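Attaching a single structure in structure tokens format; questions to follow.
Order of writing sets the labels: A, B, C and D. Residues in every chain begin at 1.
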Amino acid sequence: MKFGVVRFPGSCDDVDALRAAELVGEAELLWHADRDLHGVDAVIVPGGFSYGDYLRAGAIARFAPVMESVAEFAREGGLVLGICNGFQVLCEARLLPGALLPNVSLRFVFRQVELAVARAEGPFTGACEPGERLSIPVKHTTGRFYAPDDQLDALDASGQVLLRYAPGHNPNGSLRDIAGICNEQGNVLGLMPHPEHAVDPLTGSIDGLKIFASMRVHLDDRVLAF
Amino acid sequence: MRARVLVRPKAGILDPQGQAVERALPALGFTGVSNVHVGRLIELDVEDPAQLPQMCEALLANPLIEDYEIVADGPS
Amino acid sequence: MTAFSPSRKHRALGLTDSEYELIVELLGREPNDVELAMLSLMWSEHCAYKHSRKLLRRLPTTGPHVLLGPGENAGAVDVGGGLAVAFKVESHNHPSAVEPFQGAATGVGGILRDVFAVGARPIAVLDSLRFGEPITSDRSRYLLERAVAGIGHYGNSIGVPTVGGEIYFEQSYEQNCLINAMCLGLAPRERLIRSAAAGPGNVVVLLGALTGRDGIGGASVLASAELGDGDEAKRPSVQIGDPFSEKKLMECCLELLDRDLLVSLQDLGAAGLTSAASEMASKGGVGLDIDVSGVPLREPGMEPFEIMVSESQERMLCVVEPERVGDVVEVCGRWETLATQIGSVIDGELVRVLDNGSAVAELPVSVLVDDCPLYDIAPEPPAKPVYASPPAALAGTESPAELLLALLSSPNICSRRPVFEQYDPVVQSRTVRRPQEADAAVLQLPGGSAIAVSIDGNGRRVACDPRAGAAEAVYECAANLACVGAEPLGLTNCLNFGNPEKPHVAWQLTEAVEGLARACEELGIPIVGGNVSLYNEAPNGPIFPTPVVGIVGSLPDAARAGRSGFASSGDAIALVGPFEPSLTGSELAKLRGVSPTGPLPAIDPTAVRAAHDAVREGIRTAVFHSAHDISEGGVAVALAECCIAGGVGATVQLPEGIDPFAEAPGRAFVVSGPPSALAGFTVIGEVGGDALEIAGQLKLAVSAMREGYDGVLAEVL
Amino acid sequence: MRARVLVRPKAGILDPQGQAVERALPALGFTGVSNVHVGRLIELDVEDPAQLPQMCEALLANPLIEDYEIVADGPS
């Protein structure tokens, strides 16, 4: 199976995501100005500061030509993972509900945080144990998840919150400690923490690998089902 | 035409920037200031001002979290 | 012969009458205004190093690993496996004192460009910062907060990890903060590129941002004059950094080099196009034509001289063979980076500036680059102490436990977490040791090896004793590398000093350069580059003399990189290295209100080198589970830091006669490991429990120490 | 009194945000837009509007790189 990692001008964690994906499958970069997704089985919209994050994080990137194809791919059920800036882009593109606001501290924060897996099933967290804790770094200035109350209730009710910051680990003031959510269909995940920076014991933890491994297993099962 | 777009956080959404300003002012000796909000100002020359609302909806503001106001500013 | 320019413009531009006379003599005529603007910048302290160049000749610059030495945009060393690491440190002190966020941000932007100008991909940034006292000075807190935010803004946004740095707070930096930024880049050895222009007929292409009226006159006025009150008029427009532009420019340049499309590459820094063009021509022994009418402008109506000296950020200059210009433009287009042909390489030795084809300046390259007079400085040790005593923070009746807590919670020693949490240390997936995990940052390389880097310099100790203090900076930096198991390969430095025309500052500078040179010779570390920042002086006196050194080293096995924290209960704790510390220049002396004077303890180079070797070897062979050098706050603070980092206590008995708070940086280490493995060392105790106990002195819970250590900066930031 | 402070980059100072927006708009099908600048909007209730200029100089704007404009907005 093959991952495609989108590269915008200003993407920073694109190569990191590529390497992480290569640990569980094949991977290649997808250029922002290109509409062709090269037949990949899953798309990663990586972290960084696409278009400098000017105006609002993710606001300009969502209009890149590649994003039209990503949106279509998502509508057809393709797996799309948005990490950090990628999460912001997916929210701006309305592929995910809600929005990301500036951290309550108003500062960039890098921190190794603990995440609680809120739902250990489906394409992104299927390889996790229910209630499992993952140690994964966050690094962002605009990561406070916001949605109106009724929408938050709906997200909770439908099990779309896949990852929460463990108690005491919320680094940005996200409502209901939300770290990662998926869309209703469950095939698009956005999260602020960086699983691609938790895949090598030398440079940190390896808990992030679970996300990529879950995607791999899900896609393999799907292939087998045909 | 020269136009201004004022973008502000929607009422009820936490505005830490506004709060930070509000907290900093008394320390500088400015009292009697309240209800501070910080938003964005976009100024631009536009040939067809009728396009402005769409521009705001599509790019300049995020309607989920922000309100916007368009102010015509006279000829550019 | 006297040939003053009738209007004496040269003085306003910072040239002395005799320098102006020399220019007239060399040209055989009066320079016109464009030429005068260009020369005034090229002959400024910042570009010509006129008060420091003779001294810098003293520095050792050769060694088996050196690939590029001083003179290039960045130095470079061979790190094995066909790879080179390029690195340099640079100051952005004066701009940061005016506008700390943008000053610090553009400082990072500038040093990144120096590194990718030699063809290396930037892989790490470090920063060395100095401010006034944070607890008592609003201004210092403001500068700290904004400078840190600016560094983070640029580094985080461009995707280069900030992996280390250092911060000191001293009254002498109240008016002149120091913002030094260091960058490391990685390149295949054969991809390193020099900046020499070559090949008459080749095209000169300007890459990157539009040119505006940024920092006009900045180099000469900002970097070479003292910042005094009432200097508003001298303040040029502040330069705004745009990391997004630089990210595209960087990727674009690296792709151009990958595809072998460039003859040479040079960043635009101080003195903008003037300096870039002159340096490229000078190094290549050729001339250049630049037509300013082709330069894309951000503001209409800019004069040729403004275009030639603009310091707009995020621009590079390159030389391209005519048949490759099309490919260059195509690559730049993909990266949304402007590429404009603005001139050509010519035979001869003139830099000619044209405006729509007609010459507006014509200067011999040698006059621009080589002929600025170099001055001898007149060193004289000060007759009386230069720096006032700091206010005493201690009553003098404290117990050792209280002293340790006071030190751990002093701004110079406490945890830097509130600062480094604002930097991304992990992007690019190389970072094996993050801030506070070890004494040096460690970055893995392909193939399993790694490099380590640290940046150090304690101005207060240099103020006490410039020669020994500067040497200590080298020793301490090398000691930090030893603690992770790395062997030093090369060193870069930034010399931050006051006004060198004052005899006592000249003395500080001369002595410090001597100390730096000797320490490098003793440890066998070549100096591959650096930067000099002079005139860091306020009306009430100069800053502490502050040489900052950054060393890059290598270790064979990234998986064995050392850590500073104690690792397991039951491990033995040993002291390694010669250790005859004193309170002179120490953190405790500062807290007691003692002024920074007096000789520092002498260094025995052979013994220190042996200690570094032993620690490096112990880490590489995994005999040591942790290693930490003893610096600010003495052995007590070193032990406390090992406990805090490891989350475990320790019980030790110090050797007879050692003051737990006395300092001798760069010589000695606290290591831990299995008792059997440490038998040959001076074992002083054991890891375990939840408190640090120094027999006969103090006993403090690790939690209490951590509370003091973690609190201070969080409160002021 | 309710007041607005408009803060914008000084003329001639690089405005990367404005440039980014200006470049993005044509791609969205909005043409004829130029001279885009992005700044800040601060809205606040203030008892003594005479203090506003000092507040701007001291905190709300950075006078080295930004211009500001104070707009009275009627009673708060």
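Things to note:
We adopt the following convention: a contact is a pair of C-beta atoms (placed from the backbone, for glycine too) under 8 Å apart; a residue touches a chain by one contact, two chains touch by 3 or more.
Owing to the predicted nature of the structure, the values given are computational and were not obtained by experimental measurement.
The pair with more inter-chain C-beta contacts, choosing from A-B and A-C, is A-C. Here the CA centre of subunit B is 9 Å from the CA centre of subunit D. If you average the CA atoms of subunit B and of subunit C, the two centres end up 40 Å from each other.
Centroids built from CA atoms put subunit B at 29 Å from subunit A. Between the Cα centres of subunit A and subunit C there is a gap of 36 Å.
Residues of subunit D in contact with at least two other chains: 16, 20-21, 24, 28, 38.
Residues of subunit C in contact with two or more other chains: 242, 244. Touching two or more other chains at once are residues 51-52, 54-55, 60, 63 of subunit A. Taken as a contact graph, with one node per protein chain and an edge wherever two chains touch, the assembly fits none of the named shapes, being neither a line, a ring, a star nor a complete graph.
Of all residues in subunit A, only 9-13, 15-16, 19, 33, 48-49, 51-54, 107-111, 137, 139, 141, 194, 196-197, 200, 202-204 touch subunit C in the complex they form. Residue ranges on subunit B touching subunit D, taken from their complex, read 2, 4, 6-8, 18, 21-22, 24-25, 28, 30-48, 51, 54-55, 58-60, 76. Those residues of subunit C lying in contact with subunit A across their complex are 149, 152-153, 156-159, 242-244, 247-248, 251, 334-336, 420-432, 444, 558-559.
Remark: subunit D residues 16-17, 20-21, 24, 27-28, 38 touch subunit A in the complex. Within the complex, the subunit A residues that touch subunit D are 51-52, 54-55, 60, 63.
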